[in-house]
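I've put the structures underneath this note.
Both of the next two complexes hold chain A, though its partner changes from chain B to chain C.
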Partner chain A sequence: MKRTMIVLSIVIVLSMILGACVQPTAAPTAAPVVEPTAAPVVEPTAAPVVEPTVAPTEAPAPTEAPVAEVKAGDTVLPRKETLYFNGQQWGSVVGWNPYSSSNNNAMAIAAQDSARVIMFETPYIYNMMDGKQYPLLADGDLVWNDAGTEITFKIKAAAKWNDGTPVTADDVAYTWASHIKYNTQFGAAGKPYIENIEAVDPATVVVKAKLGDDGKPVNSMIVQAYLSSNYVIQKAWTETLEARIGAETEKFLTDPAEDVAYSGPYGKFFADDSKVVYIRNDNYWGQDASMWGKLPAPKYLAHIIYKDNAAGTTALQAGEVDVSQQFNSNVQDFWLKDNLPISTYLPEPPYGIGASLPTAFFNLAVPGLDQVAVRKAIALAVDYDTIIANAMTNQSATFTQVPRSLMNPTPGEQALYDHEAVKDLQWAGNDIEGAKKLLDDAGIVDTNGDGNREYNGKELAFQALCPNGWSDWQAAMEVVAAAGAKIGINITTNFPEWAVYQTVVTNWPLQEGYDIFMMWSDGAGPTQPWSRTQHLMHSMFAETTNNWNGNYGGYKNPAADALIDEIPTIDDPEKIKANYTELVKIYLTDVPSFTLMYRPQSFHTVNESVWTNFPHEGDGTDPAVPPLDLTDGYSIAGLYNLTLVNP
Partner chain B sequence: MKGYWKYFRKKLLWLLITTIFAFVLNFLLPTLMPGDPVAGIVSRLAQGMSTSTGVKEIYENYAEQFGINKPIIEQFFIYVRNVFRGEFGVSFTQYPRPVSDIIKSAVTWTIALQLPAIIVGWILGNTLGAVAAYRKGPFDKALLPLSILISNFPAFGMAVILLVIFAVRLRWFPTSGGYGFDMIPTLSWGFVASVLHHYVLPFLSIVLITIGGQAIGMRSMAIYELNADYVKYSRFMGIKDNQIVKYVFRNAMLPQLTGLALSIGTMVGGSIVAETIFSYPGLGTTILSAIKGQDYPLVSAVTLIITIMVLIVNFLVEVFYGFVDPRIRATQAE
Partner chain C sequence: MRNTLKSIFKDGKFRLGFGILVFLLLMIFLYPLFVPNPPLEIIGRGTFFPPGVYVSNLDSVSGAPIYSLTLADAEAKRLASKLSLEDRAEMKTYLLAVGVPEEQINIEDTAALLALWAEKYDPKLNVKGMIFAKLQYYRRLNDKLVSLLDSEGLILARETDGVLEKTGQVLPLDYVNIGEVSSVRVLPLGTDNFGRDVLTELVKATGVSLQIGLIAGSIATAIGLVLGLISGYVGGWLDDLIMFFTNLLIVIPSLIILILISYSISQSERGPTTIAIVIGLTSWVWTTKAVRAQVISLRNRDHVNLSKLSGHSTASIILRDILPYIASYVVMAFILQISSAILAEASLSILGLGPKTTLVPTLGLMMNWAMIYQAHILGKWWAYFPVIVVIALITFSMNLINTSLDQIFNPALRE
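Right after this comes the complex of A and B.
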């Protein structure tokens, strides 16, 4: 009996070990060869030709197709031709469909303010360093007509899809029409502001803004932003997709789109549960003199799927990651203590460029928090330096360096309000005496001698919340709670699971106990800081359900609404500045919410063991390449500047 | 044999009843979690939108597609229909990937890591335990405390210690992944070597802990059996030592077999720690993120797999008991 058991077990063990070795090739998404006619890579004697371009049915693949230097058999990505990332892709890639942004293919698809343009491209690309939109597929700068009602732009003559066919104005128009027809999130977001996008001739696109009663665009900023945040998708491929889905229109967004055409420099090479790899299209149109004039340096872009930050950090230290888009705490230790060739955009704190403002919102429906004095006192008492030192390990500018307003720390946004005019309203925190005085003056004092203040006879006691596991936010909320204790307000922390948390804060009325809670605010983009201001203060989001926009605490101020609504219609920069200054005054006076720290748009830590010449402050690029991981918006320019440490 | 059939039928009936209950609970429990799964998807889409109407439209669109706005009983019948078709619907967190596809690609990794580790750990642990009980002396004195120490290590602690010592400090093994970070899977020696190289630490982290626990259990069971009357009686009868050891082992193994069956049944959940710490692909982390993201279809599918595995393995063990242990047949025959 015993012997049989042991023999049986050994057989099972051996079979399992064998199974482990064979499995990855069986993975459904594991086929490393994208060209359907290419010889499978598993065949050791097969010619190692890997055709990076996904040939559509009607067009033959270009004859001078690049030959990937990946040997069949031991298929190892050559280290000196591969740029490794972390912090962007956290699960196996589910598809390649650019119409769907619920698609988690993070390296390839992120249609956002600084759109990720390695595979799909936008007409313009946004540079958060100077706030400008630079032409990519478009030829020439972005200009409005004299009436300010439409934008006309040309498509670059050199622009081509990976199948060799030219990118046309028809593609741009058809993309928009499809967004509307299938009600994608991009269509839903743009519809209230864009009347139509039309092709005048094969090379010319006209974007018509939706006009208000006054004959002016409802919001010209959003129309303009569309052009740097939405991909141009090939009409021919879209039609193929439509033919494939037939009447099942909901599949338009869920189709995995393995055959999608793209105009960007990289396409699919390989994806499984462990990694995703993109290969350069050596026929990429952008090597034309009218765009970059050359190909991007790395042949492959690879992203290993790490299960958590710690695994990603270990790999970065080991030199298995070149560009890290994840929060590495005490990032300076890499070079100061461990002597690793790792660096950030700035050599000193805050190490990166802050772009978004993680914010604590007050639930204004809670008795006590409906009082400005209470809100402002809490905000005054919070020790922001501790938050920045502990939660962010100094990877945020302090409020002494960049005084609080509605703006992020980028120079473009900082120039948009009058610093002198609001100076007296700004606070840097840890002002316990000031906070106490504010409460005393408002008559909110401790009447029963228990050390805690009362308002209308009730003890002031609140909960401070943020999602569980978001450690930097949790640390920040602990500091808020500590501030309460110092000024006689009882604040306790509570960290619900994100799944529950987000459901509550986005649906008014908020559940009991959601008194002070954290949410993010907008980062950098062509509609900023307007959009951020609107999301923080506009009453259109107050007391609504399904609200993922902002103003979660229910703040209403008609004066602020009017100022915000007016900004997109103003041409005079001085008047715009005056409006923003007034809004900052209102925000810092009423304190419906308050910024806890500055956070970079993307973390951007690089290991220079293999590649060097990454974007860093004073790198001499003009316009400056932003530290957005060489994938987002204008930061893609950084891929063309990379060089090898040991060529 | 008549008694055995009666026993078998009874067990089969119980299996069916438990399966039905488990099936209903499997559907019901995840949907009772607080929070709204569609909110998670929509929150990703809503960023950058400037009006609330557009967001609402998208929300309703998805709610309709996932059927979460339908009455729960209707949702249940849709679920039943899907399961019988071998479909589990579309994952919420990895939308629009089908659940079956996610499971298919993850499950092989989990089984390949867990099954050999559990079996090797079980065999080694039981052998060591039995030997310690039989030989006593210094071997037993050394083994027992060591086993207690190792088996009480939290699984993550063992994994982290192995990771730090052998991967980070000594660099003998890689820190993460199922195969080389710079490799593309192919059927080649280089790739197989890479898979095995990456396999060692996660495998050891499970085996070491299993050995400790099994050895302790087997040792005390064997000591108990060695002092049993039938052993003394056999000795008086002059039966050979070898034969007695066989009796003892067979009796002591019964509870250990149940333990083995249960750990095989629950191996999906058991692999979470090793998979997370070594960034190893597999079902463990899949279910963890599915629970966090309230991915009902994925959670239901994985828990259904676990439930069915536990039930089947338990059933098989009980059937097997009937064969191994005549006492069980005897009670049924009465």
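Right after this comes the complex of A and C.
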């Protein structure tokens, strides 16, 4: 007994110490964009197929392989030919089907504002640094006809699929037709605004906007954005797919599409549950002088599938990751303390370019939160500087640097509203006295002397929620809760699992207890800040189900709706600015939701152990390459600038 | 009784275990008297400030009395802190890269090195073959080197309408006495990811965790004792029934039941007390088994049979004739229950299933947040190691007390 007790106590002490060394269980922090459909079960057909050799079209040019040839599935890729990523791919790849939005194939398929174009390509690519769309598959700038009703563009003569056939206008038109026919999410999103996309001749595409009663496009911004956010998919392959699925149309989206044709510089090399590797197509059309004039530098793009952020961080520190798209807390320690060759886009805080606005929404159906005074008091009392310094470890601009509005911190958006006109409405936070006064003036006071205020005889008590494991958001919610305590409103935090959380917040009516909750709002894109404003304030999203757009709290204001609806139809920049200024005023007065921090579109931290010449502020590129991990939109240009540190 | 206590306190192991426990309890009660700060107050703007004495920079230059000290090594230390040997070597690398002949560079001679640096360093120059991170390093180094050899110190100035007006000067010989600086905060264990004082939080968390242990231990022991007594003494179908449930629960690892129950209670309902009750309700099975076994061996003793013959009620027999004989065992089981409940809380919290965060800190929650913010990877030991030490100390002391009590009460082990 005595012996066993001693042994037992030693075992317990040891197990505690060992327990402390265990990796955290829930680590992926809030990613700026999380696909709702991410992480489905891997279908059997999509199971990692280890190809014995590389498919002929993907095979490296034989002249380039004097030494042992790398085969798909090899655990070791030549380090000096491989660019490693982290923070994009969580879980194994499900498929390669560009029509589907549930491939869980983050590196290859992400049709978004800055579409990921390593494998599939869009006619234009968006550059968030200057807000312009640059031609990729298209030849020449994006221009509307004089009536402003349609866009005509040509396909570059050099543009080819990986099977060597040319990319044609037919491919563009057929892609759109298929989106409509099979009612994909991209088709559904574009249908209200795009009448049709047609091929005039093999090289010319006409995009016709849907017109309103006044003969003007319903929304020209969305039509234009379609061309830089949706892939062109090969007609021949689509027909193969249609033949394969036959009458079972639902398989159109679930087909894993291992045989898909692509026009981009990289294709599938290998994928299993531990990593995904893309190999350069050395016959890529973009090496033509009409596009890049050369091939991108890395031969392989590889993404090890890390268990969590902590594992990813360790790999970045060790130089096993070159480009990191994940939240690394205290990123400056990498170079200040550890002397590692790691850097971010900006050398000083906020280290990246803030593009999206993680936002706390109020559930306006909850008694108490239907009162503007309560909402504004909570928003006033929150200590945003602490959120930014502690939760975001200074990887966000502060609200003194970039006063709150509906705009992200990029200069283009900031110029869209009159700063002086809304100055009195903007708050920088931690204004406890102001918040208390607001509540006192509204008659919301503590009547029973328990230190907590009552409204209509009921104690003000709310829950603040965000998904479990999204550490920076969780910490932000803790700060919101602390603010409540200071002004006599009881706020407690609650962190449900993401699977539960996402179903609740996107489906009205919200479950009881979802009082104050965090969601993201739109980042940078060709339709911004209009889309973000619409998503935050427009009543068309209020009290709806399956709502992934925004306005999760159920805010309705006809005046705001009218201003938002009007903007796409205005040509006069001054009038647009006036509308935005008015909207910012309404937003800051009614406080249906409030921004907690600014967040980069993508985190962009690079390790220069192997590769160098990554984009950074003032790197001399013209147009400037955005810090979007060398994969998204115009940032793909960065892949062509990379060089080896020790060639 | 007195003799028993005496013999208990004579035991070295018991004294050690008891001493640790008393020390922890004293900390819990005395520390807040001296440091009355709220344990969850966020004081740090930034994460994981290292342990140390924090002196207000403003107060030390503008409020505290100035003393002049001529310390021989002051300048050398100042230089070393701004310009280490590695920095000097790196400066040489840069100077070589921009084409300065090696014989002109002497990294020992600070003045010459700095002069050469000032002449050759160009922040706008993109040195060929030098990575961006390195160029940034030189830019930061260059910023540090400004006025490094300045013997004039720093000038304090106030800005009014864009015009600077000198208000004071900080000389190299100026010193302040920390005791005379108006705002000083000692953070013996630094701050955590929220910018909270770790030691203050830790003391409070230790108290809360002990409370959780106490509540959970009492519940588990109470249930285990009652069921064990009934099952052992009454026997028959009641015994079968109780043993049926006990055996059922025994084959399922209690941590799994614990996780399932905690998960099903929404986090907003999960206070420390709720967690304690849940832990208590899932950890009584072994106590039941052991108590039952002891009771069965006592059931047919002569004094019990005598009581029965005298017509005492079952309840009275259990309380008067059986309970005293197993009391020592129950006390020991209780102590073990407390320590395992504290461990259970820690394991639950690490999984994110512990009490909700805002109200009070617990040892498990502190570890949970330290891990979420990667303290173990970033080397911020003060955020998690002291917590581990406290948990280890609590369980260690309780186990020591337990073994020494066992030695005294259990005749088979008595030396």
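Heads up, the rule we're going with is that the second predicted complex is superposed on the first by the 572 of 647 C-alpha atoms of A that agree within 3 Å, B and C clash if a C-alpha of one lies under 4 Å from a C-alpha of the other, contacts with A are read in each partner's own complex, and residues count from 1 in each chain.
Assume a contact is a pair of C-beta atoms (placed from the backbone, for glycine too) under 8 Å apart; a residue touches a chain by one contact, two chains touch by 3 or more.
Note that the structure is a prediction, hence the values are computed from the model and not measured.
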| item | value |
| --- | --- |
| Contacts of A:183 with chain B and chain C, given as first, second, both or neither | first |
| Touching partner for A:600 - first (chain B), second (chain C), both, neither | neither |
| Partner contacting more residues of chain A (chain B vs chain C) | B |
| Partner chain(s) touched by A:358 [first = chain B, second = chain C, both, neither] | neither |
| Touched partner set for A:529, first chain B, second chain C, both or neither | neither |
| Which of chain B and chain C A:298 touches, first, second, both or neither | neither |
| Partner chain(s) touched by A:98 [first = chain B, second = chain C, both, neither] | neither |
| Which of chain B and chain C A:314 touches, first, second, both or neither | both |
| Overlap of the chain B and chain C footprints on chain A, listed as residue numbers | 1-2, 6, 9, 12-13, 16-17, 19-27, 314 |
| Residue ranges of chain A in contact with chain B within the complex | 1-2, 6, 9, 12-13, 16-17, 19-30, 32, 41-42, 44, 70, 72-77, 79, 82, 84, 91-92, 94-95, 100-104, 112-113, 183, 185, 188-189, 191-193, 219, 222, 229, 250, 253-256, 270, 272-275, 277, 302, 304-308, 311, 314-315, 318, 320, 497-503, 506, 525, 527, 531, 534, 540-541, 544-549 |
| Residue numbers on chain B that touch chain A, as the complex places them | 33-37, 39-59, 61, 65, 90, 93-97, 101-102, 104-106, 108-109, 111-113, 115-116, 119-120, 122-123, 168, 175-192, 195-196, 199, 246, 249-250, 275-281, 285, 289, 292-294, 324 |
| Complex contact set, residues of chain C against chain A | 40, 42, 44-48, 131-134, 136-137, 139-140, 193-195, 266-268, 339, 343, 346-347, 350-352, 356-359, 367-368, 371-374, 376-378, 384-385, 388, 391-392, 395-396, 399-400, 402-403, 406-407, 410, 412-413 |
| Residue ranges of chain A touching chain C (in the complex, touch as defined) | 1-2, 5-6, 8-9, 12-13, 16-17, 19-27, 309-310, 313-314, 329-330, 333, 335-336, 339-343, 347, 383, 385-386, 389-390, 393-394, 463, 468-469, 471, 474-475, 478-479, 481-482, 485, 491-496, 513, 608, 612-614, 616, 619, 645 |
